[in-house]
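Across the two complexes that follow, chain A remains constant while its partner is chain B and subsequently chain C.
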Partner chain A sequence: MSEATEMPREHELDTSWMDNMAEWGVSAKPGKRGLTLADIQVGSYGELPKVSDNMTGRPRGSTARPEAYRVGAYQVHTLSEIWLENAEYLYEEALQRQWSSATDIPWHTLKPLPDDVEEAECLLCTFFNEVEFVAGDVPARWIARTTPDYLEARNVLSAQVMDEARHMDVFRKRALANGGGLMRMSGATSGFVGSIDLARDFTEMSTRLHISGEGAVLTMFRMGELFGQNDAEKTMYRLCAQDEARHVAFGVMHLRCLSETAPERREEIECYLDEAEDQLMAGQQNPAGRQSESSEALAVLLGGGIEHYDEGHKKLLVIRRRQLKEYMKRVISAGFADRFENGRSPVPAQYAATA
Partner chain B sequence: MVFPSEEWFQQVREVYNSDRDLHSGGGGACDTTAGFSVGENRYFIEFSGLDCAQVRQCSEEDLEVTDFVLEMPLETWQAMLEDVQKNGKASSNLTLNSIDLELEEGIAFSPVDDQYRQDLFYRYNQNFQDFFDASSRVETTFESQGN
Partner chain C sequence: MADKLSSKAASVDRESKIVDPTRGVPEPKYEWRGLTNEWDVRVIPGPHGLRLGDVNVGSYGEVPDYWEDQTRRPRGSVGRPGIPPLPYSLRSKHELWADCSADLYEEAIQRRWIPATEVPWDSLQTLPDDVEKAVCQMCTELSQCANTELEIITYWQDRMSYGYFEVKQYLATATFDCARQLEALRKRALSNGGGLGIESRGRVNRIILESSGGWTEAVVYLYLLRGTYITRLLTGLLSAAHNEAEAFIYSHMLEDHARHLTYGYDHLKYASTHKDDASLIMQTLLAVGEAHMAAELKEGVVGSAMAIIFGGGIKGARTFGMERYLLLVRDFITDYLTICRELGIDREKTLHPVFKKYLEG
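Showing the complex of A and B:
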């Protein structure tokens, strides 16, 4: 005789879960870019709470489950802390503009370079490897700290983490693909760049990372089309620049949104900008900034070799000037123009000194 | 087709929209309006999703609503397009981004001086490059050649 437990032959089917639907009868329609996050902002599903009390990971708009555990003590649970006007759009843009470091870079165009040029390129690749680690690690931490009610902003940050992973790998690939290798680390992650990870507030982090850090790096990546020695390098930098511009856009739009919805925080933001301008925009950790190993490497590349260093350095100064100008205009676009007119910011003087 | 002319831009638009192979990696969805300032002529272009939705000749005032304007000397436009004709796509020193960096004030500006909108040129750079690279399939002559 079998010792297996005899199951009841009949049991009552409990379909009470069918009565727990949230808003029903929703029919979001795809637009010309497919069914996007913007298209599904319908009815209660599109309602963003100004303050979120969701600590259970409940998807926005779904029915609450009373016995659900409090899985997340989300630090970011006020809309103004993280929101931006075009989060849905930035996320979709990030998804649709992904590229492959394996197949979209014409690696076959790499050719052996003079030692000084190869070493300079590899030094920059080492530097970018370091800073892109930070640019990936930091947003990743903040994703888990943000209420799922603000899923659109979280998703943009998730896409950024993927972008930064690709940047890390493409610079690593370049360093290892042309007879060179990695160089001594710059140590940038122990200074201002590293301090991005010490931010205790999302906007503090975003101001440091997206506005100051990535804004400066955006200029560098764009410059890659000038100092790249072949199509592979030029393409690599150009595609990275597009991603970086999207990350900068997140920071500018978030800061603009915050300054409009939480004006009581403006002075606090000014302090974050003070700190960034004193350190990153002027400092050694900005490759286009004061003399450093990475700025020397840039000058070597821009000049086309160490024997043309002075010529390369002149080009670097022109680009440095543009970097400062674009930084100021982004901060102005975010709603903080006063600091450049009232003497608070040192950047206008630095900009004038580069003339 | 004579460059610059609305017909030339329309022809390039048709080529760009008709062959996805012309949209390179890193391209993709793009939503922006931009202007081209070519000598005395002005053109308005709109990208929507994966397509160039429209391109037309316009007035100076029409440019004010665009996100950014690309402005460079006529001879630089011509050099860029001759390079595209010759190589099938812009060679590295004559891409839009390279030209922008070579000139001290750049070639891109926001008509309302908003860096966020000017940054769209950087965000969607590949789409604009792909668009002009598509002109390699359009037989092009230039006004300066007496056409």
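Showing the complex of A and C:
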């Protein structure tokens, strides 16, 4: 190569694009937590369009080209449909708190368990293996449908897809690592009307997935110290709870944002909550619910065996009570406290009945 | 507050609303006990921990050529009749499988990185304006490529059957990788006195996103055609990195991208060896795809930006910078033809004329 080399005409330098850069002179600086997504919300790059006209998949804030192809048929293109105030923080937290089921779980602490207890654990693992990827499949679908202008929210959903893959994986590993195996599926996650899968609106999906579905599971994971039989299981539930808490926070913060920015949708949201609450204790998606086989398995685990089922069942009721209480807190936090005061929701009464 | 609310509501509407949560379970039936297809499985962790591939033992490791089940039944578990189906449209192994999926999944987790805290942002130094613009333009272009990858993966992800969960697991890591790349590139563009550039016209993004016939079709464009080019771009950017921050970003993107290509090539190999006609279909697709790729290469924005980076500015770009970029494109086409040959796809005879011209220099 030499400086004297002449380029063919078609390879001559085109610098016309240099006159079309977007906002220039931006110097975001790292803070105490490094250079976070929040730190680069500067100038026009931090401006979120209430309605996105981005149909080409361009990065928010870049210069649009009039001749660019309209390849993005984004269903979610208004801010209120998906936004939440703390998306940047949830995403950064997800990155910091990733873990490995291969190496971060102390698998060596697994010891042979009595058959009934191993069976109960394996049933629960089969259940979680099945349901965890609802929470992976469904958010993935919505990423593709959301304008990249709301990249912070999309990135949180991407982290959730990753988290749920890891959950699915850790429960499969547990089922196959201690002398047991997978058991019968629950079928709780199929395509019934009103299910997470079939929601055709993001907020409807998020209400079912993040608020009620994952909320109930989060309470259970948090109680993993009670029913985990060894350090491997306790670690597994603790780490899953950490992830799940972020997913639930997404739902709560989004609902809060929506109720503030699109008050005309409040009644619609109340209807989703009505449906969710009908299923909260009665449906099969709650592993501690009244209709699920997994609640029997949980009682066996909580009691320490079939012979202590009654004792385990009493502890199961504590989990249910806590699920109801935490559910109400979330809904109140999301800005829908009225439903617990005006008699619309059956949850306060259910909660009182467990006292 | 919840306690207060609950007692109030309970007294107001007790008759109609209370459903005693204790009802319905007091007598256990244990109908689930003993319902397993295979018991006594005890997988022991190896030196790399307990990996996804390690638990593929006995019937749990049997991956069928066709997965009938349209529910979320975990592979190897006992089914339940009467469960309504979900719209899993990819149910044949040749439509998505790659033998390396489980290993790539674990590798992705081990090789995770955090742009906020691991990139040495303090190593950024002010660059000449033309060079900063070129770097920022490349960040914009590569962001749009990562966005396209993210959107096409997530479009197909939930259509993939559970019999092939290793692929779904791996693609979940690829989804996260793409999100992280979007983040890292945006951070680089906005942290050194620059900004974003002009969006891509999106010729190749378009053919990738419009690949609605099947996931394999998307993989042909996403990884074999464009992905092979991106590897060369990232390698070039890494070799010309201006500081440790850029070197960290490009090298980690390359690691991520290498996994993506490994899956892509491996899947295409599997598809071409397990499905009649697959190689011919890929050949047809590539004949179309090469024309779009050639048009994009000729548009000049990426070439000019890379030439400026290689040349250290506009002056150097006009000579050795552009020359180096043209070598990069030649290397890409050489890689592309090599991989096509290994996959049993004949592209040399009918290679697009523009590609031929780049090869001939």
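By our rule, the second predicted complex is superposed on the first by the 334 of 355 C-alpha atoms of A that agree within 3 Å, B and C clash if a C-alpha of one lies under 4 Å from a C-alpha of the other, contacts with A are read in each partner's own complex, and residues count from 1 in each chain.
Operating definition for what follows: a residue touches a chain if its C-beta (ideal position, glycine included) is under 8 Å from a C-beta of that chain, and two chains touch if they have at least 3 such contacts.
Here the structure is a predicted model, which means the values were calculated and not measured.
After superposition on chain A, the partners chain B and chain C are accommodated together without colliding.
In the superposition on chain A, contact is made by A:L239 with chain B only, not with chain C.
By the touch criterion defined above, A:L182 lies against chain C but remains apart from chain B after alignment on the C-alpha atoms of chain A. Using the contact criterion defined above for the overlaid structures, shared-chain residue A:D231 touches chain B, although it does not reach chain C. The angle formed at chain A by the C-alpha centres of chain B and chain C is 120 degrees to the nearest 10. When the two structures are aligned on the shared chain, A:R33 is found in touch with chain B and with chain C. By the touch criterion defined above, A:R141 lies against chain C but remains apart from chain B after alignment on the C-alpha atoms of chain A. In the superposition on chain A, contact is made by A:T103 with both chain B and chain C.
Of the two partner chains, chain C is the only one that A:V71 touches; chain B does not reach it. Touch criterion met: A:I332 reaches chain B and chain C at once. More residues of chain A are touched by C (comparison of chain B with chain C). When the two structures are aligned on their common chain, the gap between the nearest CA atoms of chain B and chain C comes to 6 Å. Comparing which residues of chain A touch chain B with which touch chain C, the overlap comprises 33, 92, 96, 98, 100, 103, 329, 332.
Remark: chain B residues 24-29, 31, 48-50, 92, 95, 97-98, 100-102, 104, 106, 113-116, 118-120, 122-126 touch chain A in the complex.
Residue ranges on chain A touching chain B, taken from their complex, read 32-33, 89, 92-93, 96-100, 103-104, 218, 222-223, 225-226, 228, 230-231, 234, 238-239, 241-242, 244-246, 248-249, 252-253, 256, 318-319, 322, 326, 329-330, 332-334.
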